[in-house]
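Read from first to last, the chains carry the letters A, B, C and D; within each, the first residue is number 1.
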Amino acid sequence: MNLFSIAPEIILTAGVLFLMAWEIATGGRKNLGYLAALVIVAAGVMVITQYDRVEVGFSGMVLADRFGHFFRLIIYLAGLLATLTAASAWHGEARGVFGAEFFSLLLVSIIGMDLLVIGANLIVVFLGLEILSLPLYAMAAGRTQSDEAVEAGAKYFLTGAFASGFLLFGIALVYGATGSFTFEGIGNAVSQGAQLDPLMWVGGVLLLIGFLFKIAAVPFHAWAPDVYTGAPTPTVAFFAAAPKAAAVGLLLRLSLTALVDLPMETVFWAVAWLSMLVGNLWALRQRDLKRLLAYSGIAHIGYILVGVCAKGSAAAGAVGFYLMGYAAMTVGAFAVVCAIESKDRSTTLDTVAGLGRRRPAIAAALTLFMFALTGIPPTVGFAGKFVVFSEALKSGHLGLVIWAVMFSAVSVYYYLRVVVAMWMWPADDSISIPAGKRGIRGYALVLILASAITLILGVYPQPFLKIAAESLFWLL
Amino acid sequence: MLPLLWTIPLWPLLGFLLNGFFGRRWGKKTSGLIGCATILVSFLMSVGALASLLSLPERRYLVAPFDWIVVGNFHVPFGFMLDPLSAVMILVVSGVGFLIHVYSVGYMSHDPDQPRYFSFLNLFVFFMLVLVLADNFLVMYIGWEGVGLCSYLLIGFWFRRPSAARAGMKAFIVNRIGDLGFSLAIFLIFWNFGTLSFIEVFERAPAVAAVSGGLITAIGLLLFMGATGKSAQIPLYVWLPDAMEGPTPVSALIHAATMVTAGVYMVARCSTLFALAPVTLAVVAIIGAATALFAASMALVQNDIKKVLAYSTISQLGYMFLALGVGAFAAGIFHLMTHAFFKALLFLGAGSVIHALSDEQDLRKMGGLKTAMPITYWTFLIAALAIAGVPPLAGFVSKDEILWQSFSSPIGHWLLWLVGTITAALTAFYMFRLVFLAFHGQSRYPSTVHPHESPGSMAKPLIALGVLSVIGGWIGWPKVLGGGSWFEHFLAPVFEGAEARLPAREATHSLGLEYGLIAVSIAVGLLGIGWAYQWYVKSPERPEHLRTRFAGLYNLLLNKYWVDEIYDAIIVRPLVGSARFLYRRFDLAVVDGTANGIAKLAQTLAATGVRTSTGRFRLGAVTFAFGCVVALGWVVYTFLRVSG
Amino acid sequence: MTLLPVPLGNYILLSGILFSLGVIGVLTARNAIIILMSVELMLNAANLLLVVFARVHGDIGGQVMVFFVLTVAAAEAAVGLAILVAVFRRKGSVDVDRLNMLKG
Amino acid sequence: MADQLIFWVAAIVAIIAAARVILLKNPIVSVLHLIVTLVALAVLFLQLSAEFIAALQIIVYAGAIMVLFLFIVMLLNLRKDEFGRDQLPWLRLLGTLAGAAFLAELISVIGGGRARAAVLPQEFGSVRSIGKALFGEYLFPFELTSLLLLAAVLAAVVVARRRSPSEPENFQPAAPVNQAAGNGGEA
């Protein structure tokens, strides 16, 4: 069995049960978020202690290699930041919008993500995807007092169910062509002739689409802006980064192991191309920050897929590094939105107008995240883009890189508009920023953490790049 | 000394951090002190670095404190390189920067946000030093983006003024267009050379050029596109005049002495690449000459004292590019240095005047300040004489060198020389127009204002820069006039690679010709001064008369050829067009309409595209399904092609 | 070697038809519950393929997978129907065209 | 021969029923047709030596999951006239087109294979063999289903739970999209 291979997941599961018991026992909800954060940290520590070990468990169902460890850590990072955001957001409320369920769901979802990156078998991956998705649907719809949240949850669920239909059909076809669910078996079969089998091709394409949906790549993205806008912001902070990291990790593993002999770059290429176009252009017209960040997320998935296109272990390292930084800057931006939003209005450019004077620290943090998302040095946004694009160049994707650089330049307009609004527009005093000193200060931890990662990875990326490259080199 | 080279930029960074975090708590005095002291340390270390460099036989020193990015066999150290070129640049940046910091202590003493100001200024110096010390393109790009960011923050420093905020935005956006070129160039270099280190790229460049010359040309043009953005050349110069919205010392430091010269520095640094592609050099020369003339003509009629200086800066930068374009790299850098001295002085002097008149910038409301502000007047006069090219001041030496090179260089042309000479005459004219309008004649400011000489902290930097404006040029005194051209020799090792690629310089020009041209350049300078004297001192009614007589021409110049308006219409507006709100703020005055093809496409796409996200689940699902259909279509196509 | 009851192509064709019907159902229906049922159709089409291929490869894994798919379908139906009930409570309808507050 | 006959009958029934699932407006009838499809598929499963799966298909899928659907349909009291006129009829066309194109592409590449199959061991597809697999090789995914169900329970509770006693249940149907097309459902 080798329980070591799933030790972090066991910790997380225990955490879920503990949280639920804790709430029943104490009836209090105050510290649940911080407890959940501790659970995630504990799981992360577990991963780090066994970082150099390759654990194969459960008759090869689980492959906890360095690749898995590395992506687990990215997922935990994103999950931790989101948990802290949620903990801060609901700290003051006597009866939180969610109780223990929110954090339990979040932890369960993280387990599902882990399964995507440590699973070595399509069955595990499929179950993992469902385990991660069901909580997300509920977290999006969970605040059922709000029409928007319910609508977001319903759209997310319907599209998600539709996508898992395609995914499952793809899995069935791949199984038909190769007679195996394991990555190893599929890889062997593909290299021994199945790459000429149309079943394999169709199955492979549908399989990829199932995950491209999860990362909101164009044209499988339609749910993302609506869900980001409608769902409660702490939830959005969670699924803006963590599930994407998991799904990209799985795509990397698939395209570098099981499907390595199946020339699928064209799919990634086209999707990357479209995602950058649509994400960046559509974002130009957004005034709602959450929606803006949704389109920005689509654009960033485009940049990340440029690296997936390059199809190599070094490129995978670059992508892993990018995801690390992306988690920090995106969750950080959502944490800021969370800090300044209030129930009776949406958070638009007018809300942040003059934020520089009203809440300078928060405005400074958001400025940093915007610069990072734009890709201005010396933030991680720049370092990440640079390594990803140069890896893509090495494998000859010049056109794609030019396209990406062009649209990065376009993105300046909408990111900087936020910065301009914060520092240069007069504040509209009729718009209240949730005061409660405690409320704002509660975000200090998450904002400092996210800013620090954004800056440190940008100024001195080398050790992290090294870890990423070495971890992902393990794949081959 | 040299192993500590990498700490030179760190001091201003330290200043930035201290001022940023504690400035408000520690108060104005301390923040000013920190701001100045950190730059002073950098300056002293730069002097020490220069001294050590002179004792090195190979005149180049590399240090890399840490590896920045390593992916596979690709390796970018966070490396710094000291060679004569970067030595000159760090001296100018930290030296002039220090004087301007000192001046700022007085100038900003009334501003409550002084700590923020000094922290930004320090951050700027940090990035600028990183830019010039970088030993590879990527680190240079960090500095490049960083100075742009600081420039943006400092132009918009008084963000309560909407015009300042707008100007900051404009500067940033125009610069990003240039940066796009620069970043594409970096990727192209990386793609073809597999490295980004200056030394390695320049070593391999001839081999690459032999295989594909077009590639080097493309890289050169893209690099130059970056330079036109940062150094405000045609067609991307429009941001610089607006950037005058920032505090005056900022204009002096960033928009005259240092940041805007980054483009010049970059072209000089990449001289080897440019020399390998003669077309690019020609483009540089022509754009430079055209900008010089064009901007000078607009400076003639500006009434805002800082706008005159802004156009003058653009024009002088044009000179520098002209020099680079004709292969006289050392002359370009030389002018960069002398220009930093006298243009910083001009700006600080103007700031002094503005300060004394309680923030009045309109020349028409000045006059007669000569007696009230003697120090400002005399130092300003020195700077004006220097920029007008009167010997033996610094400006004469460097400008004359450029004019001579543009005529005599094998890739020069007499037309370039002519343009340069005309510009020189115009420069002398508008500069003395400024001097006469501000300092001579009757006072035209309201009687309630009592101008006074600036305090010591502002006056001392003026004097220091005044001295530099006089003697700064002597280190490059030309041979024909009995000098040693020491500066050129000092820089020679840097440009060896490029010089070797250019046609050899033959001594076909007689000494007489050279003397003649020197005489001409002095003469046009004096002519311009005389002309201004005639118009603005002897018969001040004359310009008014001309203005009515040539009303059309006057308006054309006054409105800067309507270039801003045209740009707004064809570039700025469509680009931001999609973001309707921004554009309402961006320029109300511009009429809808003349969007050019691609930009209009982007706008339409964004506008109609967003409309397609209707929020309808069914539409989203159909998009999804069509995505699958197309993907399967690709599979079908692949199989049909294989089988049939 | 034994034989399938009918050629493999027939099974794939049947499965493809059912799957496409499911897709069409999702794309055209406005009643969210019907959309959910169409998704069930898609899952069943996949299940058929899995069983067929389990038979072809003589591998029990395919059938085990169907077992898991059943579990997933149950779980998904529970969550999905809960969400649809919530939608009905807020909007008084399960018409997906009524989900139109979020757009742009 | 009998095998082929069974296949064709089951297949045609399945297809017709499936088509009616998506074509009929009344959700109750749709649920019933879906059950027919499921049963028809169960017949095919039996033919393919998947006895246990066939049984599950009927007991769990048709028996439990579909009943859940039926419950909800009845709980919400949905009626076919509830929906107003379709404001985007072209989407129906586009959706049908997409589905048809998808099918066409699928068929055009995936041609008919032969009817060969592996020789099966004894008891292939029986409860025992699947049970052995589930607690042997597939133990891990089997354990994962517990997590999946935990997730489902949590998720369903979060979504369905009534928030606070003070908050009124909003069972009042909103006005229908299209006033002209008739009344909304009655609660």
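Following the convention adopted for this analysis, a contact is a pair of C-beta atoms (placed from the backbone, for glycine too) under 8 Å apart; a residue touches a chain by one contact, two chains touch by 3 or more.
Here the structure is a predicted model, which is why all the values come from computation and not from measurement.
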Exercise for review: Would you kindly say which chain has the C-alpha centre located farthest from the C-alpha centre of subunit B?
Suggested key: D
Point to revise | Most centrally placed chain - per-chain CA mean versus overall CA mean | key: A
Exercise for review: Could you quickly compare A-C and C-D and let me know which has more C-beta contacts?
Suggested key: C-D
Practice item. Please compute the C-alpha centroid of subunit A, do the same for subunit C, then give the distance between them in whole Å. Key: 27
Point to revise | subunit C-subunit D separation of Cα centroids, rounded to whole Å | key: 5
**Study point:** subunit A and subunit D: spacing of chain centres that average the CA atoms, whole Å
**Key:** 30
**Study point:** Rounded Å distance between subunit B and subunit C, as computed from the means of their C-alpha atoms
**Key:** 63
Exercise for review: Specify, in ascending order, the residues of subunit D that touch 2 or more different other chains.
Suggested key: 88, 91, 94-95, 98-99, 102, 106, 109-111, 137-138, 141, 145, 148, 151-152, 155-156, 159
Check your understanding: What positions in subunit A touch 2 or more of the other chains?
Key -> 123, 127, 130, 134, 137-138, 141, 144, 153-155, 158, 162, 166, 198, 201-202, 225-226, 285
Check your understanding: In subunit C, which residues are in touch with two or more of the other chains?
Key -> 19, 22-23, 26-28, 30, 36, 47, 52, 56-57, 59, 61, 64, 68, 72, 75-76, 79, 82-84, 86, 89-91, 96-97, 99, 101-104
**Study point:** Overall pattern in which the protein chains touch one another (line/ring/star/complete/other)
**Key:** complete
Review point. For subunit C, which residues are in contact with subunit A within the complex?
Key: 15, 19, 22-23, 26, 32, 35-36, 39, 42-43, 45-47, 49-50, 52-53, 56-57, 59, 61-62, 64-65, 68-69, 72, 75-76, 79-80, 82-84, 86-87, 89-91, 96, 99, 101-104
Check your understanding: Can you name the residues of subunit A that touch subunit B in the complex?
Key -> 154-155, 158-159, 162-163, 166, 198, 201-202, 205-206, 209, 213, 219-220, 222-223, 225-226, 266-267, 278, 281-282, 284-285, 287, 314, 317-318, 349, 356, 371, 376-378, 382-383, 386-387, 389-391, 393-394, 398, 401-402, 405-406, 409-410, 412-414, 416-417, 420, 423-426, 460-462, 465-466, 469
**Study point:** subunit D residues touching subunit B - in the complex, by the definition given at the top
**Key:** 88, 91, 94-95, 98-99, 101-102, 105-106, 108-109
Review point. Subunit D touches which residues of subunit C in the complex?
Key: 1-10, 12-14, 16-31, 33-34, 36-38, 40-41, 44, 47-48, 51-52, 54-61, 63-64, 66-68, 70-79, 81-86, 88-95, 97-98
Review point. Considering the complex alone, what residue numbers of subunit D touch subunit A?
Key: 106, 109-111, 136-141, 144-145, 147-148, 150-152, 154-159, 163-164, 167
